[in-house]
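Each of the two complexes below includes subunit A, the first together with subunit B, the second together with subunit C.
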Partner chain A sequence: MQNTSIIQPSPITYGHIAEPSKIGSVHGMAVALKFGNGDEESKRRQLIGIADISCLSRFGVKGPNAVQWLRAHKVDLPEERNSWVATSSGAVVLRLGNSEFLIEDSPTSSLAPSLASDPPKMFGVYTVRRSDASLVLSGSRVQELLAEVCTLDLSEKALGKNAVVMTQVAGISATVLRQSLNGETVYRLWCDGTYGTYMWHTLVEIAEELGGGAVGLSSYFKELA
Partner chain B sequence: MSMRLPRSTGEWINRDKVIKFSFEGKDYTAFEGDTVSSALWAAGERALGRSFKYHRPRGVLSFANHDVNVMLTDGLDTNIRGDVVTIRDGQKFVAVNTDGGVRNDKNKYIDSISPLLPVGFYYKAFHTPRRMFPFWENIIRKAAGLGIVNFNFPRVTKRKLNRHCDLLVIGAGPAGLSAALVAAEAGLDVVVVDENQYAGGSLSYDRAGSGELATKLADLLSMVNRTPNIKLYTGAYAAGYYTDHLVPIVRADGITKVRAKSVIVASGAFEQPPVFRNNDLPGVMLGSAAQRMIHRYSTKPFDKGLVVTANDHGYRVALDLIEAGVKVLAVVDLRASGQNADLMSNVVRKGIAVHTGQCVYEAVPTEGKFGVKEAVVCPFDEATATVDTSKAVTIPCDGIAMSAGWAPAAALLYQAGTAMRYDYTVQQFVPAKLPAGVFAAGKVNGVFDLAQRVHDGARAANDVLRYLGKPAADVVVSEHAGAAPSHPYPVVPHPKAKNFVDFDEDLQLKDFINGAKEGFDNIELMKRFTTVGMGPSQGKHSNMNAIRILARIRGLPVEKIGTTTARPFFHPTPIGHLAGRGLHPHRLTPMHAWHEEAGAEFVEVGPWMRAAYYKKPGLSKAEIVQEEALAVRHAAGIIDGGSLGKFELQGPDASEFLNRFYTGIFSSQKIGETRYALMLDEAGVVVDDGVVSRLGLESFYVTVSTSNAAAVYREMQRCLQTWKLNVGLTNVTGAVGLINVAGPKARQIVAKTTSLDISDKAFPFGEIRETEVAGVPARIIRVGFVSDLAFEIHMAAGYARHVWDALLAAGKDEGLRPFGTDAQRLLRLEMGNHLVGHDTDGLTNPFEIGAEWAIKMAKGFFVGQRSLKIIAKRPLKKRLVPFVLDESYKGQMPQECNLVIEDGQIKGRTTSVSYSKSAGRVIGFAYVDPNQASPGSRFNIRTDSGVMVKATVVKAPFVSLQQGA
Partner chain C sequence: MKLINCPINGVRPVSEFVFGGELREMPDPDQCSDADWATYVHHRNGAPGLKKEWWYHAPSGTWFIAERNTMTEEIVRTYLFGQEEEK
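Here is the complex of A and B:
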């Protein structure tokens, strides 16, 4: 259960490459809302924007009866393994393999805390503690970045609309999907939070070489500006 | 004297941009696009380098990076391939491997003493007497090698990219381009790669004096450029073939790893030189080199010369030379008959004499061997490869173009597992059986006629379509007609030798004959003895002749000799390309920023960055570590243990799983209790240890060592799959933070942050509680690794920094001090706790470390049990013991891994050694003879300098305990 009076740090330490110009507390976590001014951000973002969205609420569950438990809690589920769906409130539900799920809220949904408040007690369902670094990436040159850090073909042609890919990004295990966010094609990426700083620095370094770079959370979620 | 020709269609130079450079201290001009060799040749220079062994002057041979005659340094980079590397304005080049420059190389005398330096000379001459070997080794090492590595080379990031496609075509010649167009028309996503600066392959230089082919190439390229699903990479080579059609493409700025659904190798063939005396002089070059020079760089190869040929290609070369204004004195053809009538008559019509059944017996050098003065031509008997010198004719000339045959550029096909056969109609190895998804087209496939090569490309593309399950047409490629493109034995003997086979390594015909006489008559052995093909060009111009020569020596057909192994990379590739961006993933704990601010010196532990110690001005590392350890002994210390592996196991079979996985019993473990867990492999070797805490009837929490965490988790997953137990296993290593507060004041510090009763009575050693610390949910475990009074606090990683700060505040007045992994190692040693992986190795069994107490042999199956039963019956060979040095000892400090010696025999080794202020002496662990393992026994440790130091076995711990105070 989250203690809302304590502000958690993001698993990502920004520093060194790009310092945020505005940090704010979102869902109990201090995250970068902006890097530079709005013009600079949008210019970067057109080429490659990378934002830390680790503050979004997250819930993990696994086990042979996880599907049954989630259905009992009226959660929309992907039918296929390694796929995802978006709920009506904007949360994403990722089916990792056959019987493990990752649920990440949108800034305005609260599915994860709701599920966490009533953790599974039934046989064959286990809560999975999540402490992910969660990123969103987009831009006209994002494929060039992805081609440098991932051996899989993540282009629109190859990566199915609702496919979840568990692969290696920049040499570490990561989960990737592609979605349309406010009409823009973006990539969502999760990795273990302890690798968050490494992942951030690696991706931002490459993005900057390609003319993009770090952007704030509010760049993708205007409601958090 | 300029050798530059007038502007021509398709030339690779931009005459509108003149650039300046220097070579060996002399200034030159070039056009943009010129290579070093083309610009120097155009300026009239002939001697562009010196050979590796005999330091003979060298010019252009292949003009295609199939030899290394022209290897340069620009002061920054080294071993620059002059034939193919384009010049940048202002570059200053010097040839490598000279002492005094190309023209005045002080080592040129070696050529005159070459009879004293046959192959194998080094192996035989210097190994006795043994005491002299270091002397000779020093000289040979200095003489060996070509360029000098620049250790100040700047770190330039070479990007490594991944690319996917339906079809990768290697080679953008007529076959490759034809294949790409057919495949692309069928909708495939096609990538074409070619090592040359521009596409076209032989169409860009092999014109036979006609402009028609330039137009054909332009048309082909125009079609390729208009096809959006063809991506053409030039100036990039396919470096190797790996499983599942993974082909790294090396570009100047990095590597693209292409994963293709199918691959067509249309890489063409390397032209092979005929072997005759002085065939390495500047001015003697391959026919294709002369053609490249003419058509790509508009440079005349020589003014008046002859063409020596053993195939029809030589006639095409002659026609190109004539068209370029070269006075071709004669075509000398080794073959007595079989010439292509049309080509021959074209040459004759131009007034050129054709001498069939003749060879160039030798090229006579000019002064200093910097060029060709004349060619000696003699009748040649193809069947016996003998020369009739009585009818020698001398032809004054300044150049010779050579065409004798080809070797397929089949390295990638070999690497892919292609079975090759020798095709006598083309006198060449060709693919006999290709692996699934790999196809060959063009010259590498034994198809030489231009029209048929285009057909063969289309045929290969249709084979690809069929392989990918798409509709495909049947394309028929005609069998080869006429004389073979390669001569079966274009080798001319000469009593004075210097008839070179391998130009990289200065190997002559006699070297092969001598090698075979010495018994190295297998191609792999001969390669190693003579070093043929072991130079930087990896046999591109020499291997085929070497095989033919060995076949002739042994009296066997060529196919019985076989080929040597073709290994990646296709060309030498800079280390920087392989390094790429140098990704080095690190895991950081939530307190990492705090450690940085506190002056931590970090150390890599597995993937983690951990604080080794916290720097203090004026104190050495050793002093700081002792201070940090003393704080734990006298007050309290706090360490970030977030890197420890942490797993949660839930389910009805969780205890059964742990019973099988570890050596102890966990089914009887009480809720709230922790137990030591020792992990073995099937051989009974100690792999890891940790702590298992029982949280509920079906719920366990397991901690394992930092560096083994990933491997242990993988093994747990594997065992779960194998044993099919009903257990939910979750790796929470990154999701859970861990802080250890240890020392006599640990209890009062932790008590300030939690409402839990943590008195020894309520919360004794070896138990776990789920509670709140600093207002957040946490688990606390009473552990005793670094101190017998210690509290391990586990909480969600996101709250770890908050709890850390709260504990620091609570311990502010209690002398609480952070300590790092260096002090942790000392503290655990003082406590007498061994470290798996540090005090054990890949062969250590639990009996050797005194861990019998942790093994429950009587229970059902556990991993390693069967092996332990066998090991237990054998006498123990060594035993890990705690030891001390005498209190008064002031001599050389023993190091970890120093040997334990008794009666001149090795009995064991030290594994941990450290001075302990708390113990007041040097303490450690060592393996000793089991007979010397009892407390009070004395044994000898031999230090690095050979001094024997007496040590005494003691009982651990080395420090007095708090006893739960």
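Here is the complex of A and C:
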């Protein structure tokens, strides 16, 4: 059982090149809410902003009956494999391959904890432990960054609106999607948490060369400011 | 860049894939002769030609079968195990 009095570090914690100016605890995880002062951060973000959102709750489930189990819990599901949908509360539901799902909440939704509180007991449904590093990237030069680290074309023309891509980013297996968040096009990226430091370091270094860099979680989710 | 068509994820660079060995049918250990079992365990056919092989798409965790000509390095087709007829 999770002990809520313990604040876990984010998988990115030891990868910060610059110290965050504000750290907060979200869902029991210490994450960077802000880097530098607001003006510097918004300037960076216009070119390329990368934020660590690993603190958002997530839940994984797979198996031949996973669809049936999720439907019984009234979760909106993508019909196609390798696609995603957003729920009305802002959570994202990713269909990874045919029969595996990743659900990640927004800061205000609580779909993942509610599913985790009633874990699957039926045959053919298995919980997948998720310990991802989760990032969000955006900005006018983000395509240049992605082109440097990924062999696939992730531009708006090539990557479908609701497509989920499992590929390698900076040599690491990662899951990527494109989303409109508060009217802005952003990329969401998940990789194994143990690679979080490496991934963060690699992306932030390239972003800094392009004029961008690390930004805090509150820059994408104002409710956490 | 060499490309492989993953049956789930589509065409991807070969760097995303891991070779998993030749697809070999295991004889029934209770029924087959010792010689047949020894052949299955110890012998491999290294002659170049069209082979069925296991390949793994690492980012998505997908195992599948590729029919690959090891002489010409041409991948003829790929499919999920057990879904050969559907392709």
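Some notes on this structure:
Operating definition for what follows: the second predicted complex is superposed on the first by the 220 of 225 C-alpha atoms of A that agree within 3 Å, B and C clash if a C-alpha of one lies under 4 Å from a C-alpha of the other, contacts with A are read in each partner's own complex, and residues count from 1 in each chain.
In the analysis below, contacts are C-beta pairs under 8 Å (C-beta built on N, C-alpha and C of every residue); 3 or more make two chains touch, one makes a residue touch a chain.
Model, not experiment: these values are computed from the prediction.
Applying the stated contact rule after C-alpha superposition, one finds that A:T194 touches subunit B and leaves subunit C untouched.
Of the two partner chains, subunit C is the only one touched by A:G97; subunit B is not. In the superposition on chain A, A:S110 makes contact with neither subunit B nor subunit C. In the superposition on chain A, contact of A:P11 is made with subunit B only, not with subunit C. By the touch criterion defined above, A:Q143 lies against neither subunit B nor subunit C after alignment on the C-alpha atoms of chain A. Look at A:Q46: by the touch rule set out above, it reaches neither subunit B nor subunit C.
With both complexes superposed, B is the one of subunit B and subunit C in contact with more subunit A residues.
Once the two complexes are laid over each other on the shared chain, residue contacts for A:M29 go to subunit B alone; subunit C is not touched. Look at A:N82: by the touch rule set out above, it reaches subunit C but stays clear of subunit B. In the superposition on chain A, contact of A:G63 is made with subunit B only, not with subunit C. Once the two complexes are overlaid on chain A, the subunit A residues touched by subunit B in the first and by subunit C in the second are 151-152. Remark: subunit A residues 1, 3, 5-6, 8-9, 11, 13, 29, 62-63, 123-124, 126, 128-131, 144, 147-148, 150-153, 155, 158, 170-172, 192-198, 202, 206 touch subunit B in the complex. The residues of subunit A lying in touch with subunit C in their complex are 81-82, 96-98, 151-152, 165-168, 173-175. Contact residues on subunit C toward subunit A in their complex (touch as defined above): 1, 8-9, 12-13, 15-16, 57-62. Chain contact summary for the complex, subunit B toward subunit A: residues 159-164, 257, 259, 581, 583, 585-590, 592-593, 608, 642, 648, 650-652, 726, 728, 730, 732-736, 775-777, 796-799, 801-802.
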